[in-house]
Structure formats: structure tokens, C-alpha cells
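Chain lettering (A, B, C and D) follows the sequence in which the chains are written, and residue indices restart at 1 in each chain.
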């Protein structure tokens, strides 16, 4: 699989940027018919979801700025700075009143969610609460969990995602678990807690993709993005992880996908 | 980019009455929307009878009408989950409901409308139960032990635990939808969206299928943003009203009531069987049913 | 207080019918600013609520066919056979989506409710479940509680009301309590159960009004409608009740109220 | 019948910013509507600061913006109930929120947005709690012991009990209302109706007061059918957007953020005090505030 593609239309360069590779990897993992949130100010998951929608997801339910949208007929899809941007409303087939959305979780099992974190750990737990041993005196107070605690329980499939591949973010153990991954790797933890999905599928970063060992539930290297060496990943990761004998290159955008990204989804170039 | 952008097209969710009803199997829990004398998905209800469905747990509306009574009369029902089955001034109590409950032919999941919505909400929230206060000190937990008294874990107050009412298939009727399941009701929507939220699948019969552009012109009106399937059914709520389309056909409702009341009072099913024969078994499609009713009658219902 | 009034406008007769007296008694007990349901097919509470709205209740919130309405400007207010009658929508200032209404109980404390029953007992309990000792084999299966169990807990004020003043309806003890009044008269029962209002205020019938003794919580005769003798009430009531030395006549409609009833509220004559 | 029919007239619910805010006393729980950078009732928020309110328990939106940060910066707040306080791309975390939480100047009622709505719903339903599943196995019950793990009374499944979030006064901003408190939002309404349902009193500032006839033309749009009071406040959400009226004033938001960030980074309040002086204390009415912002700036915000 070729990840840097040559193209002479729409792109300033024919090499996919790391964020474009992340978006393509997200898109390739999405299935037609799934329900996916397109957050504001989260350009990579946004682009990945829209890329899937435009390529193989005509029946995906795309939630954009709290509206339900079908965007395959839009020549260029605006990027919004704010989730409250009313420009999304012109596409709306329905509104998601926020409190009612949170009341209606049964149909969310068809959903896919991308969970960020101040810290993400080796067992796929996420922390948006803060950093520091004493909760009453955090060294760094986070913004709060938003809806990550709940979404990671209600959707059918979820991934962790970070734009900061560094040892402060990717840690052995989060200071506070605000979204539960695999705990400390206890066997059948999520099942015993009655949580409906099996846990996070992967951690997506600008360098690589981790998945989780079926037995230990620890993150392990699944693929590295084109141009990234394994050593760099090891150095910039705060937890130890298994490395397969041969580390494949992440399945990045095809030429046509890169053009779609650059001309219709990310015309503003947020990913480059 | 034609290689990636035109392969798949958005799938229409429109299907036939028979195909929608085929999602219902014997023994399932089926939700039926509307409210007393309005908004019931009658083409789908009749199809369940035609299909000979048995042992259904029927979750009626918070106030159910004679659509539930009809299903009972036709022998489809083993249990009714609803705080009311009747037809207001036309009949205080559904006759087949009354007879079948009295004789133990059906079970009644006895509850108040607040419990009803608490149970639906639990299903929508994927919870085993929701709490409610009203009902403590009454006979509800005695006649329906599934409503369990408990002490709340925070203040130790006495409450009822209402178990989730999980619906396999919801059958609703609404004003319009596009081909992709974006449904818009007229009016207050009754409890239809709560029934939908509690259900694994939702089929909605509509008076008109409209363009997605029309839906997008007023997204606030979209009551269900993605029904499993849409059934074309003009006059689909007949003999009940469809808000903004037509009023109830009280004469036809009276015809059913007479037949069902005769069964209640005398034990004799002749009138009831004749009703089912005329309006269901020998009129096995929605259009044949409407022909049997007659266009002249239908045209008299178009006011408000 | 004069309960039969002479009038020469709008009324076929100047004597208030029993149902008109009931409606007036309901109206006199309602306060401006309260929230009151106007049910379909319940002509007496409907007329009472509307009479209060038209006379002294411009700030009452009137719920009619699941809409919020202000009806003082309507020359003649239609009577609906069905709660689903969309003709009410032309007055709607808001819709009450039924499931959301049942989710929003906090603001209902300002409400007044009228509770019917197959049976109503001496302690103000109501039964809409059915009649018979064996719940599995009821002699008479009722329609179900509708929302009476909950409404009688959530509103601030409520009354029992029946159109059938007879010993089968007004009984010593209901077979099944579907809406709790004062139980069997236990002291502080409702308070100990955490129920927010103090219990039913009265039982309204076509013959009389009962209220409840502050100590025993049993129904006692409060007033008799014009033309009704106490003996008749005793004979037609299935429970024993205290009778004051002097039983006042129910405060029926004034001449102006009777005209309002007959010309604007009950033009169809459902109460006569 | 004139003797009975004209005595009382329907009371207008319109009142001034100051009179609405006067319902808030020190120590109360105050709900503030909107969502991140949109729809906050800023004239009312500034009035709380002007009034010198202290020790407020502030229930922000499920995603709160800098309106909560501003109240914290002004010393009004003892506790924040919100799953998020920030400004998306403008500021990942509210600076005054961050500083005050880190230094123990405020408490944070730590919870997820699902818990937030479960707690609001409990208040609206007059229940001591509502259950929720997500959160078991996380650190939420440890850092916020008010979220209590328990076994459900029906299936013994492990759940969290979320206590009722009871609000004394809710402050919201919407598009229009009539004089009688029939409020209509544009757009999705965010969580405003849930905050209203959990509150004893609700005051709503609106861009326009409209006739009841206009309200009646589209009753489906009525989001709140009877607010306690209505405040006339064109540009009332500034510097945040008001859906369908104007976009956010990112320059003004940046001015606040710079001042608050300076306090966070240096401990020096000078810029923050200067912001408060300029836009609150020396501009004590909504129109004086808007004059300070300047009509030229306001007119640039009218797109979409």
C-alpha cells in the first residue's frame, strides 16, 4: 500500500501529511450505515468521518453541530470553529436537542466515537479531569470530561485520538480515569461492569496507530505512518508497548481520497 | 474522483406494509403509537392480524385506543403494557381488552402513564430501571410486582423501580417522511418519540412521502431522524384521525365497538369475526381496506 | 348565597343544573395563575376550569388537548369529544409533547387536578383498575389508571370527582388503590411517603361536596347542591360520613357565571 | 357579563435585567443556559457581577463557555456544576476556572454530560436521584462522592446514582418570547429546556419580544411555555452568538481571554479588573455595555 501519492490536482504536494494519514485511517475504519459525530475544532476525526461519508458512507448518519446531515451533495464542506455554528443548520434534516440526545442512547449503539484526553494510558483509559496526585490541588486542571465518559460506553466502536504524541500525553497510567478503557487490564472488566461495547479499538496519533493486545489489553504498535521510524515512536511514548517483528505502514489516503480531502473536506488546509 | 464518489447511493427506507410487519415475530414486544382515537398505524396493525401473529406483548400508547383492542380481539396478544385502553366518550373501556383481561386471556402490565414513560426511558437509556415516586402506597406494586418498591441509595426515600420496557419493533403513524426515514409529525406527537427511543426497530407509516428538501425546510419538525422503515399509507390511521389530515371515522369505530361489545356481553364472536373478515381477511391490502370503507366515507373526514 | 338565579339571556331556564353547580364550585376553588388541565369528555371539570379562566383566571395556564391555551378572547369555546382533536391547536401557544410533560413535574406543583374513579372511597382513594377480590379474575376490568396515580402526587391541589353518586361508586374501601388519597386514615401517611401535596381537598358529585376531616381523614359532608336533601345523599352514598348540624347549600353559579357557562363555555349544553 | 369578564387582565412577564437578577441571592444555585460560545444570557450574567453576588453554585451548560469563567473571575462562584468549561478553539479550558479550581478557590462538581442531564432530570421529576450506567469503573465516584455506586433493585447491576441538581433560578437567552413567557429558540436549543425544567424560576432574555399571534403561528417552536420572566435584551448574548441573529465576537472574547489568562499565568489581576471595570462596573446597563462594545463592532457580527 502506497501512502504518499502523486497527484496534480487539488493538492499543493502529493505527500499526505500526518493528519491526512490519520483522517484516512479513520475513514477506512468506518462502515456505511454507522452514526458518527463530526465535532467542531477536531479537524482530524471530522475529516475522517466526512471522507468515509463521501467515499463509501452514503448511509452514514453524520452529526454536525448538533444537526443530522447528509453532505455528499455539498461541493465544499465548511469547517466550523464552533460546535454552535448555525451555518450547519442549512444542511439539517433533524436537530439533536442536546438533553434529548443524551436521553436516547439505545440507538447510539450504531455509533462510532473518537475520545481525546489530557492523558491516555497504556490500557486505553482517558483523563480529561486534570493532572496531579491530589484532586483537590491539581497541578493542571482539565476542562472536564464533556461527554467522553458516557459516549465511550454507549457507542458500538470507539477510538482514542491525540494530536500530541509525547510522553506527557501517552502515559503508563492516567492520573484520573474519566473514560474507561481496559482499566489495568483486568480480564472481562468491561463485561463485568455491564458496559455494552468491548472497549477502545485503537489509539490514533500523528505518528502511528496502536491497537490492544487481546490478552493483556495493553496498547501495542499496529502501524506507523509513512516516514515515521519505530524508534521515534518509542522515544515519544510514555508507556512501553509491544512491537511486532515487522511494523506495517499505516493505510493512508489514496490519490483520490487525498484529492477529496484537499478539495471538498479540508479546503482550508487545517490538516496540512 | 469519480472512482470513489459514485459507487454507493443513499438507500431508500421505503418498504411495503407486509415487509415492515415481517419484522414482527410471534412472542415479540411491539410498540404501537398514537393516542386514543388518533394516529395509530392501522395498516400495520391489520397486517399483524393478517399474518396471524400470536403471543405479542403489546406496548400501547400511554392512552391506547381500540387499535390495541382490535389486536386483542384478533387473538394476537398475550400481554398489554398500557395505562389505559379505551376510546374516551365512544367507549370508556375497550370491550375486548375488558373481556380478555377479566377472563385471564391476556395479562395486563398495570402501571400509570408516568411509570410507562419511566420504563420506556430506561430502555432508551439502556438502564435496567428508572425510579418514580408516585405509586408508593398504592396497590400498583401489589398487582404488578415488576414495579418494585426500594429505598433510594442517596436519601433512603421510598420509591418505585420501574423496569425497562424494551420494545423489539415500534409501529407508528405520522404525517410525512422522506425516503430516508426523516419523519415529521403534525401537532404534539403524543408519546411517539418515546416509543421510538425505546425500540430496536421503528417502522412509520405516513400520509405522504416528501422530498428531503421539504424536510430540510423545517428540521425542528423532524420528530424521528432515522426510522428503520417508512410505509406509504395515505389514510393509514383510519378509522382514527391523522392530525392535520382527517378526523376520526366515528361511524366505523362504532361498527367495531358494536361487534366487540357483542363479544363482551354475549360471548358470541359472530359480529367480531364478521368485522375481521370484512375489513382484514378479505381486504388484505391497505387499498382494499380503504375500498371496503369507501371513498365517499373517507372524503367526509377532511375537516381540520 | 343564591344558587338558582334568574336571567333572561342565554339560558333556557334560570335554575342551575347539578352539573352547572359542580362546574361553578370547581371554578370558585381555582386561583388565578394555576395550571389546570381541561380534559376531553370530562365536561364538568372542563367547564369549571374555563369558567375560572374567563372570570378571574387570566393568568391560568389552561391545558387543552395537549396544548397550552389562552381562551378569554374566544367568543365560544368548542367542546371536544376527543383529547386528540386538532381543532384545539389553533389556540396553542405551546404543545405539550406527552412524554416530555411527564418528564417535567417540578412545575406541575402549581397545578390542579380532578381525579375520577370506578370507585372512590371514604378516605379519598380512587380505583380505576377494576372491581373484584381477585386481581387475576376481576368482575369488572377498568380502563387503567391513565395518569391519575402520578397527577394526584405531582399537582399542588386535587379533587375527586364523580358523575355517579351511588353506593357502587362511593364505597367504604376501594378494591384497588390506583390513586392514593388518605389510605386508611393513617396519621401523616402522605408525608411519610414523601408525597408532595397534602391529599385530596374534596369529592365533588352531582349531589354534594365532601371534604375530609382533619383528624380522621374521612370524608364528611361539606355542602349539598340546591334542591338536594341530606337524606338522599346518605341513601346514595356507600360509606358513612359525618354530617354537620347545618349543611350549607353549595356555592353555585351567579347569574353572570351561568350566562358565561351557557353562552361561551357550554353552548352545546353538555351540562344541562 | 362585563361584571365578571374584564376585571383582571393577563399579566405581562416582562421585567428589567436588574429585577430579574434580583431573584438571585447569595448562596443560591443558578443555572446558566447556552452552549460554549453561544446563547448565554450575558446581560443577566453581568448583572450578577454588578450585584456583587457571592457563593453561587453555578450550573453551567453541559458544555459551558466563558460566561461561567467570567462569573468565577468576578468572585461570584463557590462551586461549578458542569462537564466542561472552555471555549473550544479559543481556549481549551477556561482560564479563571482552571486557576480557581487548581487553587481550591472553587469546588468542581465533577461529572459527565450524561450525569449532568440525569441530575437535571431528577430535579424536573422531583426525584432524589436518577441512575446511570456510564461512569462505573471510572474515577468519577472517587473524585465526586455525590455520584454514588449502587446495585439496581431489579437486576443488581452496578450503576451510579446521580443526585438531583436542583436549580433555584435559571438564566437563559433565546430568540423571541411574547409578553407572557412563551419562549421560542432558534435552532437546537442545546440543553436550555432541561435547565428550565430543573429550576424553580426561569428568566429568559430575548432578542425580540413578539406578539402572541406570532407565537401561535408556530407552537411547535415554543421551547418554554411559561418562563417566570422575560428580559428585553437585543444582543443579549454578546460576545457569544445568538442563533439566527449574530455570530460570536471573537475579538471581544479574545480580550476577556487575554485578561483572564494573564491572571492564570501571573497571578496578577490588573487586566482582569480592568476588563470588569470597563465592561461591567462602569457600564452598569445592557445598553451602556453595548455602547462600550460599539455599534460598529456589533454590525460586523450579522452573518448567518
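Basically, a contact is a pair of C-beta atoms (placed from the backbone, for glycine too) under 8 Å apart; a residue touches a chain by one contact, two chains touch by 3 or more.
Which protein is which chain? UniProt says A, C = CoA-transferase; B, D = CoA transferase subunit A.
Model, not experiment: these values are computed from the prediction.
Common neighbours of subunit B (CoA transferase subunit A) and subunit C (CoA-transferase), listed by label, are D.
Here C-D and A-D were compared by C-beta pairs in contact; the pair with more is A-D.
In this assembly, the C-alpha centroid of subunit C (CoA-transferase) lies 39 Å from the C-alpha centroid of subunit D (CoA transferase subunit A).
Centres computed as Cα averages put subunit A (CoA-transferase) at a distance of 58 Å from subunit C (CoA-transferase).
Chain centres here are Cα means. That of subunit A (CoA-transferase) falls 30 Å from that of subunit D (CoA transferase subunit A).
The set of subunit D (CoA transferase subunit A) residues that touch two or more partner chains comprises 121, 125-126, 132-133, 157, 220. In subunit C (CoA-transferase), the positions touching at least two other chains are 67, 89, 95-96, 103, 105, 154. Listed by label, the pairs of touching chains are A-B, A-D, B-C, B-D, C-D. Residue ranges of subunit B (CoA transferase subunit A) in contact with subunit A (CoA-transferase), taken from their complex: 1, 3-5, 7-11, 121, 123-126, 178, 180, 182, 197-200, 212, 215-216, 219-220, 222, 225-226.
Interface of subunit C (CoA-transferase) with subunit D (CoA transferase subunit A) (complex): residues 32, 54-59, 61, 67-68, 70, 72, 89-96, 103-107, 154, 196, 254, 256-257, 259-260. Contacts from subunit C (CoA-transferase) toward subunit B (CoA transferase subunit A) in the complex involve residues 40-41, 66-67, 81-87, 89, 95-99, 102-103, 105, 129-130, 135-150, 152-154, 176-180, 183, 189-190, 193-195. For subunit B (CoA transferase subunit A) in complex with subunit C (CoA-transferase), the residues that touch the partner chain are 35-39, 62-63, 82-86, 88-89, 92-94, 97-99, 101-104, 108, 110-115, 117, 120-121, 132-140, 142-143, 157-158, 186-191, 193-194, 241, 243-244, 247-248, 304.
Remark: subunit B (CoA transferase subunit A) residues 125-133, 148, 150, 152-155, 157, 159, 161, 163, 220-221 touch subunit D (CoA transferase subunit A) in the complex.
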